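Have a look at the structure below before the remarks.
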């Protein structure tokens, strides 16, 4: 079950303080990177919610993010909604789509689930890529940023936007943590361990999976809205399965099923990517090798590794009752 | 309370359940006996809906549930334990019971509150833990306890749904004689209005808890009656003891 | 134009040609999965490697040098991968496998860029297969007929090996139940290695025969991956029949979709896939049950 | 574009502009090109030729040029992020590059808002010098319509009356074919059928070729580039269609960059482009020789964009430009005779005006070469909704 261990709380506080402090001192490019990290963090929290806790390893989260980004941009530009209603609409659309995908894929497990989500993600990608309404390969520009001038915040300023994005990460984290502690979250974790038993206990498995996937999809859609607001330009590449693959990489890099770890992973991934790509155009290969090394090491990512080390230092719980037959 | 009519199921040429008709009254304790491969677990799987029968029907508390799915039947008060432990391995014993209670109470899809900390779930967990003798171990992770304790939890999870009918598939399989006896003490202490159907291997213990006995052989009911009659039945001895000695 | 018999013949041949190319790719991937439960996302990269090797070798030894040696080179690379990455990850679960082989794709794309550069490479069709053949009233490129024939030949050979030989029986037993196969005294480890390497060689062969038709580019492995995965998911993971069925379905839907309903074409195949997943989550002809 | 954002950017820009004015003779150039992804080879060609151009013409300009390179990965959001970095962090005086029209579309508002001059060294989307034109964006490469429109009339003049067109289904493909169709039908030709294969998803063009064959056309006119161009030309030849149904197209189809990969299949294909390495003029001879010496390759049309971008930048500096503002004002005024012939910038759109060369790919002494059949006179693109502010300076 999901709990906030002291280590996790410490890591969260450090991340919050660190990112906010950096937001106040960083230069322009630092703020861009901070916003990039924040958007990726939202996506990977969403992914960890279903993949890490529910065992639903999705390769369509990039597509869900992209749907959010496109829905937001189209709602704001073509339909003329202001930013916040457009965000609500986009998040709802991502959630609805995720619910349908989750419901259809609920019967598939393991690699079948991965393949099925990959297929749905590519379907969305092809649709957007092909559709002239969405600007095809060239994409769409002009996604607005929310207008917070009423409370004295100008989100067109990079610093304000970075802080706004960090606040959204916090919101995402709270939603994810609350979900994990709700009845649905408990069921989701149970499903990961033993789907058959939960069904025998009376759980409508497909609905639980679809609902959890919808919540995750909503968060991915939120990440999409922020991505659109951040670059103010979107293209079908956002929906590509490689974005989902990269998100999965980040979750693994940080620590699957820890909710905090993926945030750490997002920080590491973005910083690493910028550092390495400054050195060589072949940075993909280096990222690939790091990924292989992390997975081969069998540690649960960077944060998972730290957690395991800390747990190893604590004394093991002792059996309170003698076993008649071990 | 639980009734089957002419239940039949075959896998290709092999009949695993052949015209099985059973009727359990409320509060009845019935033991199903039969050699390996007699179709006992297959019958359970059909009762809870994990397998669909080829023909025949299943009735729970007067309602035809043959077309209902596993989860729907569970919500009507049908619960089961498995011959092979089917637990939530990463969680603690308390969380296992809590999760079962949560789902059974229909809170498994809830979004707003933490059911594990709700009074009702906590109360159920406490009661069931007492019933299956796990009260002091609630905080132990499942993967850190012995096999015998896991067997107890297996039944505990089934009980945590507060069922009307519970099906137990060899609850003492693989545990030693001492623990097995303790288990039967627990079974006898269950509330009298709970209908219990048990697959059991150990004849003596079976006769100890059973109100009635059903014997299956090659998917067919070959005996259905009181334990004392079963004890005297030559047919039963031939089939059951023959197979028993072979094993 | 659609009432013209020639149109249907031509498009059927096109569909078959695409199907056979996909069959060569998917059969290795699917049998490896059926046997080892290993999903190799880098299978497309092996195909690209085969195409590059064929292109390079063709420059030195002529087309047939590339045709025969490229699959061997890919098999050798497969053997290296097997011992360094695959073997230790066999039991690591699908996610670890997906991620490791995803990482491999990144490495493979940049490796081909480093070795062969960013520019597309092309190789010529071998002299014997130049030109067209008149067939049922249409002129069809001989080389494409060769691809169809090659695919059918490989299918026939694999069917023979799987149904008539002892190795084939072992592989079928392994796909059915690997524990039982191990109990029967089959050297599972050696069988896995064999199947993996042969699967890689077939991917290399696919690359080699595709090279003269398509252009050889660093991202060709990534481009072919999704179609290949669709083929094996539609067909059912792990089965030879599934790979055949999936390849044919993909080839025909793609080809006729492209000319008859171009606006829906790209979504069509995914919609079909979704339908299969809803109705039969394990694919049309899964290896088990 | 959000007004406050533009204002914020402009504020940042003026403060940084004053900083850079201090050392006027140093021009900081931000080179935004794909160094990875599908267009990496194009990026490399432009990069090599740009450096060559600076070395060739920059020496006597009195200025020193510092180059900051960024990889846009052919991904619009990445291109935008890198653009912001170049403008706000590196504080470049001028940006050069952009291969993909998608990237150009993505960065257009940022460049325009920040008032940083951008020399477009490839991306050919019509909007960039049409409705989305900017006084800060000068295109030294080509526009999609420019390369294709004149070919329509020329083909009719050659006796081609009925044409079947094929191009990938994306903005550039549509623009190229639509411009050709306009020119072709205006001259009296008839388009008897069209196919739009899915962009970057189609590897086998066989299904579309069958339709072209059955259409009763005199010729086929296509646009493809990169790997798709190689596949298409080879597959067209393999179906034996070249003899009965001659293949025409936009010149990217048989670009010098990858015509070798097409091999004999490309022989006899007639296409039109703004640059061919075999153009017979002294500027081109010097360029080809220098580029070959530097890289060992024959320069492509992409290379010439890089070379002429450098030349244009140097010309602007020679005209007295020193910073973003003056460069932006000077760049649209440059004109010179380069390897492509006489070039000038159309003040109405800031798009290049250049002659178009019709060429046939033929077998030469060492491999395939380009035989120029005709040079069609330079023609400025229609304004297409471009409203240029009256004056920048």
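Details
Order of writing sets the chain letters: A, B, C and D. Residues in each chain are counted from 1.
Basically, a contact is a pair of C-beta atoms (placed from the backbone, for glycine too) under 8 Å apart; a residue touches a chain by one contact, two chains touch by 3 or more.
Everything numeric in this text was worked out from a predicted model, so none of it was measured.
Graph distance from chain B to chain D, where chains that touch are one step apart, equals 2.
In terms of their C-alpha centroids, the spacing between chain C and chain D amounts to 37 Å. Chain A and chain C have CA centres that are 33 Å apart. Centroids of chain B and chain C (each the mean of its C-alpha atoms) stand 48 Å apart. Between chain A and chain B the centroid-to-centroid distance comes to 41 Å (mean Cα coordinates, whole Å). Residue positions of chain D touching 2 or more other chains, listed in rising order: 36, 40, 169, 198, 200-201. Each of the following residues of chain A touches two or more other chains: 126, 129-130, 282, 284.
Every pair of chains in contact is given here: A-B, A-C, A-D, C-D.
Considering their complex, residues 33, 37, 39, 85, 88-89, 92-96, 98-100, 102-107, 109-111, 113-114, 222, 226, 229-230, 233, 237, 263, 266-267, 270-271, 273-274, 277-278, 281-282 of chain C touch chain A.
On the chain A side of its complex with chain C, the touching residues are 51, 57, 59, 104-105, 107-108, 110-112, 114-116, 118-120, 122-123, 126-127, 129-130, 241-242, 245, 248-249, 252, 256, 282, 284-285, 287-292, 295-296, 298.
Listing the residues of chain A that touch chain B in their complex gives 1, 179, 181-184, 186-187, 189-190, 192-194, 196-205, 207-208, 211, 316-317, 319-321, 323-326. Chain D makes touch with chain A in their complex at residues 1-2, 4-5, 8, 12, 35-36, 40, 71, 75-77, 80-81, 84-85, 88-89, 101-102, 105-106, 108-109, 125, 169-171, 198-201. Contact residues on chain A toward chain D in their complex (touch as defined above): 27-29, 32, 36, 126, 129-130, 135-139, 141-142, 144-145, 154, 156-157, 227, 231-235, 237-238, 277, 281-284.
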